[in-house]
Amino acid sequence: MKKKLLALIFGLVVMFAFTACGSSDSGDSGDSGDTASKELNVFMWSDYLSDDVVADFENETGIKVNLSYMNDNADSINKLTAGAGDEYDLIMTCDAYMESLIKGGYLEELDLSQIPNSENINKAYWSEENQKYCIPYLMNYIYVVYDTERCPIEITCYNDLIKPEMKGQLGSIDGARNLFPIALIALGYDPNSTEESEIAEAYEWLKKYNDNVVAYGSTETNIVNGTISAMLTYDGNTAEAMASMGDNNTLTVAPFKEDPVQLGFDLYVIPKGAKHMDAAYAFLNYITDPEVMAKNLIDNPYSCPNDAAVAAASEEYRNGPAFDFDYKENIFFQEDVGDAIKIYDKYYQKLKVDTGE
Amino acid sequence: MTASKGRAKGTNRLPLLAQAGPVSLWMILFVTIPMLFIIFISFMTRGTFGGVEYTPSLESYQTMMEVTYFHIIVKSLGVAAETTIACLIVGYPFAYYIARKPPATASRLITLLMIPFWTNSLMRLNAWMLIFQTNGPVNNFMLKTHIVDQPVTFIFTDGLVLLGLITNYLPFAVLPMYSSIEKLQKPILEASADLGAKPSVTLLKVTLPLTFPGIFSAIILTFIPALGTYVITDMLGGGKVLYIGNIIKNQFGTIRNWPLGAAMSVLLLAVTALMIFLYSRFAKVEDMEVV
Amino acid sequence: MAERDKLNRKQKRDRRRKIPWTIFAALVYASFYIPVLVMILFSFNDAKRNYSWMGFTTEWYPKLFSFGNHDLWESLVYSLVIAILATVISVIIGVLGGIGLKKFEFRGKRFINMMLFVPIVVPEVVMAVSMLIIFMIVGIKLGLGAIVIGHCTFCIPYAVIIIKGRITGDNETLQEASMDLGANRIQTFLKVTIPSIMPGIMSAAFLSFTLSIDDVMISNMLAGASQSTLPVLILSVNRTGITPDINALTTIMVIVMLFGMVVMNIMQRIHNKREARIMAESDARIQAARLAAEEY
């Protein structure tokens, strides 16, 4: 009996010690009273927000910004759905997850009157429903880029990617919901299809695609060091790759004629129970300021839904070769496919098992 | 009366509680309970917006019966087996080499084996990529010396994946084998030699059987972690093939099907239990060498 | 003479036989250290990201110490704090547990012994996810505390098993002698037991520290709001390509830790020598006393 009691007490002490330790770590949380917050906890991609912008914000407002980084879109979803959202004040996620997050009740509704600069954001990229819950930050086109000197063919549509000439030439980003849409489009279906028969056809198409792919991920590294000569990738990563090739740049964005390309958004949301809402609003208003965002774009040359900021941005950014393509309006979005995600997952796994034999 | 009895008992029990208590409690709180919970979740349903719905179902296990998963499991077992065999072939002679050194040198050699782990494993994997990439030093050297005319593709091949896996798991195979070889008593080996046994016979009939517990724990310590790995295979293999580790990670990640991820984890737990059971047939589990 | 010749020849033959062994061991070590050397080399790469070698520069080292890089330093300090906490806790619990599990028989001991193998063999993903879920349910806040618990959970088993292996019959005899001489349990524990298993404690600490500093998976899952460990930061940077300043930081870290280990080794050796001298002196004194006694 005594043994059990002692064990229990010890257990409680250990637990208490660690929870206390944990909470003291996150600083002066919980004081969401009248006083303004002195810190802001942000969870987002690394290398995606200029250090100078953060420093300027800290100097101007006296709010300390704690950045922590995710490695996968899933990280932010996991934090939110496992109930750890309230540890943060701002979380970055992407448009494809918005519907689930809103319906699941994981997000705080935004008061846009506190973010007057949000007026600068192009409403075409910011749906009515999303306006209540998120602020679009940067966006990226998922398109095809190839090396004009080394790539055996000129690529003008997705079907070019599965030609036998492309074997051993192709690099690609990964993920079921990035790969299946291009196959569905190549076959003439809705990129967000929930029909199993269409997804199954897309799987057959992707098998040929997969045969040509050398590696998934690290596309820009592989194209710069000559392992691949064409890639399905993001515009920002392309900008990095082109910049690192400097004057010897032979990369070009594929001149697509008809096929639409995917446009994805990275957005900031305020998780339910966030402790420094005022600081979060202050930051969102700061980052949507055209001048600030223009400065941020120097370090992070991605496409930006903030029209005023793009107008204020440097010539170099606006004329960057990674954005030199004329089908910016011919786009599709990744939508939440609900339970059909299981179908996608099934065929995605099948895709990654059948090959390599 | 009862109080004094309690105290008497307490004084007897105190050293036991103070010494074995913390570790027992820790293991129960942070190992047993989480593992039980994983097993519990595997019998539930996927929540529509992520998370878990607490409706009992066998769906996850039914899904795992599908042929795709069978292939994935077979592939994962294959890679883990290759890694383990390679680690044994390289690790056993290496452990033997270290064990024959004087103790001070041996412990220094072991330390030397662990120090690279101070750099992050991702950095080391990246270094392998840089060495073997298309315009990397190995290819440049072979082109310059005209060993080849065209750059050879090393990266994203099975060979490089295996190299990455071996360099990551070898120390964990060497440590237990080293411990059991070190415990081998010289007189036994000498006796075998004196009785006229050839070195190869001594190795097969004396050394190997006596160090078997070390070999078996080396197998467990490389096989099971290798079974669940995905970072190494993704980075060095180009992410073209999925393994059990990928599936688990994806289920808890973008796919948000926690029960299926949990069920796959239970499968790994079962393999672990099976191997430890097999081990217990040959030697006492408590005496298993891991370091 | 002939005898000696024979011996010499035998020695030579032995040495020659050792050569392939030495080459083999050198190759194994090479496979461990070549990536580390390449990693160091690329801290001098004149490129924004380490896609390939672009030329030599030392600019990344001064840049590392400039303002913009506080993220990297913060995460390094965070990793070290976690590693040290995890090491200390694991070693304390490991020493107690190792002794306790060796010395006492109690109900459930077999079970605990089995449980110790679970964190060692179960794939990290499974450990990480199960802990995340449990921590969320129990209400343990993610962050430093949670990561330390996570790291301890896979370090403690190693510590316990190392310590268990170090306890032999001799230790128990020594302990009994100490108790017979009137020392209480705690004194005996601190003055006799601990020193007698010191080498085990050192290797348990070394292994715990190494495992903690290398961990990605558990640190990533259990990371809190304000900071991430260096490996987690590296994982997230890896998405777009490792930058040479990370190589520079890792290089500095390894060199500093190596230096620390060498210093500790030297201190240990000096300590051992002093102890040996004291022993020798006391031996001499006893001898002298005995001689004096005999003379008397």
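Every chain is named by a letter (A, B and C) in the order it is written, and numbering of its residues begins at 1.
By definition in this document, a residue touches a chain if its C-beta (ideal position, glycine included) is under 8 Å from a C-beta of that chain, and two chains touch if they have at least 3 such contacts.
These figures come from a predicted structure and were not determined experimentally.
> Quick one: which chains contact subunit A and subunit B both?
C
> Taking every chain's C-alpha mean, which one sits closest to the mean of all protein C-alpha atoms?
Of the chains present, the most centrally placed is B.
> Taking the mean of the CA coordinates per chain, how far is subunit A from subunit B in Å?
Measuring from centre to centre gives 33 Å for this pair.
> Measuring centre to centre with CA averages, how many angstrom lie between subunit A and subunit C?
38
> How big is the gap, in whole Å, between where the Cα atoms of subunit B centre and where those of subunit C centre?
Comparing mean C-alpha positions, subunit C is 18 Å from subunit B.
> Counting only residues that touch at least 2 other chains, which ones in subunit A make the list?
Residues 75, 78, 82, 218, 221, 225 of subunit A each touch two or more of the other chains.
> Of all the residues in subunit C, which ones touch at least 2 other chains?
In subunit C, the residues touching two or more other chains are 52, 133, 149, 235, 238.
> Can you tell me which residues of subunit B touch two or more of the remaining chains?
Expected reply: 21-22, 26, 133, 135-136, 252.
> Using the touch definition up top, name the residues of subunit C that touch subunit A in the complex.
Listed in rising order, the residues are 47-49, 51-52, 67-68, 71, 132-133, 136, 138-146, 148-149, 220-221, 223-228, 232-233, 235-241.
> Going by the contact rule at the top, pick out the subunit C residues touching subunit B in the complex.
21, 24-25, 28-29, 31-36, 38-39, 42, 50, 52-53, 92-94, 96-97, 99-101, 103-104, 106, 108-110, 112-127, 129-131, 133-134, 137, 149-150, 152-153, 156-158, 160-162, 165, 185, 199, 203, 206-207, 210-211, 213-214, 216, 230-231, 234-235, 238, 242, 246-247, 250, 253-254, 257-258, 261
> So in the complex, the part of subunit B that touches subunit A is made up of which residues?
Those residues of subunit B that touch subunit A are 6, 9-10, 13, 17, 21-22, 25-26, 29, 46-51, 66, 68-69, 71-72, 75, 129, 133-136, 151, 153, 155-156, 234-235, 237-242, 246-247, 250, 252-257.
> What residues of subunit B sit close enough to touch subunit C in their complex?
Subunit B reaches subunit C through residues 15-16, 18-24, 26-28, 30-35, 37-38, 41, 90, 93-94, 97-98, 107, 109, 111-128, 130-131, 133, 135-137, 163, 166-167, 170, 179, 220-221, 224-225, 227-231, 245, 248-249, 252, 261-262, 265, 268-269, 272, 275-276, 285-286, 288-291.
> Which stretch or stretches of subunit A touch subunit C in the complex?
Going through subunit A, the ones touching subunit C are 15, 18-23, 25-27, 41, 43, 45-47, 51-52, 55, 66-71, 75, 78-79, 82-84, 87-88, 218, 220-221, 224-225, 237, 240-241, 243-244.
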